[in-house]
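Chains: A, B, C and D, in written order; residue numbering restarts at 1 for each.
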């Protein structure tokens, strides 16, 4: 099984620009993270965009859906900012069938010592292999169906709707 | 769902003793790692032992099997040294039924910057929720059935038997 | 010898706020950093303010000068944002005599894995013990007299004026 | 001023071998550490040996003394295991004159997240520029003359003899 990874940016991949003191995107850390996790799966990583998910446009979201639909692989992991991850999951669910798609991200950039990114990536890669076809979010050590999840912005965690 | 975690030691939890220059065990890092992963599951962590898996005795292995059998939870994650992880998985498979048990570990101690431990823990927690009943090893981003896995000591990775 | 440390903020102490995605100040990391450096000196740490040095007011700068003048210790380390470190050094030089004062900071927050902060702190603590009375900046492994230094913003390094 | 660095091994440069579970030497981390510290000095780094200082032979110690004497630079930093750092300092003091030589090391390998190595390296580089000619040990944020220092093995710190 080859897992397809689409990188879209998000906190996950933010870095610190020491000249400006701002956070910014350079290149994704996913390759380095999978090496560190000694990941033994065949993986094909493609960076679709590098954006804050709050600034993701409809056209960009449509591009993600199209990439999921048109790629050969049936198992897809998407790294994504957490703020609109649920919205993108819904768009994919409406536009893609017959595949297992897992979106994940991070609350703290991987480049920070205290990031949750590596835990979440291990989680997403495991759910994408073991869950039935459908669209899911993997955060906080759990999987959420795309239509039963929201980000609780006050607590900084994802939770089921019926909570 | 509550996930039961049994800690048994292994590279995962090794630390550096600055007075002797040796690696040693103090307490498990699993709690800290789950906090860092912002894990939202109910988790009950118990340290059964802190040993190098090469030095694990039959009595200790039997204690792990007994702990899996007697605990209330049906979803169990075990942190374990990689060298005899397969052997313990087999013992559990022979002694425990009706539960999903996932063993994981690390090639590099969590206390080292470059550890795979956080990735593996995220992976194990995800597989334990999504795989059918049975005994598995979660390493290298993959899950292995207890009777179809070996550690390739030269490469430092786990692989299927039929490979 | 007791070294007095005045904390004023700067990149050094920035942290990542996972709810807002912004960098912010909480408490200083200097204590933790000195523990990690197994620093054997007597140290007295006081947080005067926690500000970006670009936003430091004249009143705040005057408060730093006053703190240096009025404290009992003759050896003072100040953690400070790099952008106006030279300006504060000048103010101290004009207002304080008979003491060795060393300002230092970081280009990358200590909370990031790749921070220069620990190196710079080790450097500042060493220069404050070994340089004659006067006001200095310790950055990039070097010491600079307060009146012979500028921050090269394009390169992100400190350099002598006559360079 | 060019600072000459002689690497001799020690805890500083220990790494974790994930196949054997042992600590070992590969190559020095000093270059990477100076890059991280954005060190602006001219530095010439030479690895003389990579040994545990408890296993350093008389011939190796003599080679260090010779290297200090014969190099062109007057400012020398030596990375060294802590256990016999004092013994090597004495050998250098007896064999080298007219230079400032600072030995440093670490209680925890740089490859561990919690290492004191970066702090100590910043310290050593600062003392070597600011102390008068002589042979010193830079540890615990302090400098010690070669003939007034011992390693307190129980506490894991360096201290003056008259303490």
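Keep this in mind: a contact is a pair of C-beta atoms (placed from the backbone, for glycine too) under 8 Å apart; a residue touches a chain by one contact, two chains touch by 3 or more.
Worth saying up front: this structure is predicted, and the values here are computed from it rather than measured.
Visitor: Trace the shortest chain of touching neighbours from chain B to chain C and give its length in steps.
Guide: Between chain B and chain C, the shortest chain-hopping route counts 2.
Visitor: Taking each chain's centre as the mean of its Cα atoms, which chain lies farthest from chain C?
Guide: When every chain centre is compared against chain C, the largest gap points to B.
Visitor: Starting from the mean Cα coordinates of chain A and chain C, work out the distance between those two points in Å.
Guide: 39
Visitor: Find the geometric centre of each of chain A and chain B from their Cα atoms only, then give the gap between the two centres in Å, rounded to an integer.
Guide: That pair's centroid distance is 26 Å.
Visitor: For chain A, jot down the residues that touch at least 2 other chains.
Guide: Residues 107, 113-114, 156.
Visitor: Let me know each pair of chains that touch one another.
Guide: Contact pairs between chains: A-B, A-C, B-D, C-D.
Visitor: How about chain C: which of its residues touch chain A in the complex?
Guide: Contacts found on chain C: 11, 16, 18-19, 21, 23, 52, 107-109, 111-114, 153-154, 156.
Visitor: Within the complex, which stretch of chain C touches chain D?
Guide: 33-34, 36-41, 107, 114-116, 118-127, 129-131, 138-143, 156-159
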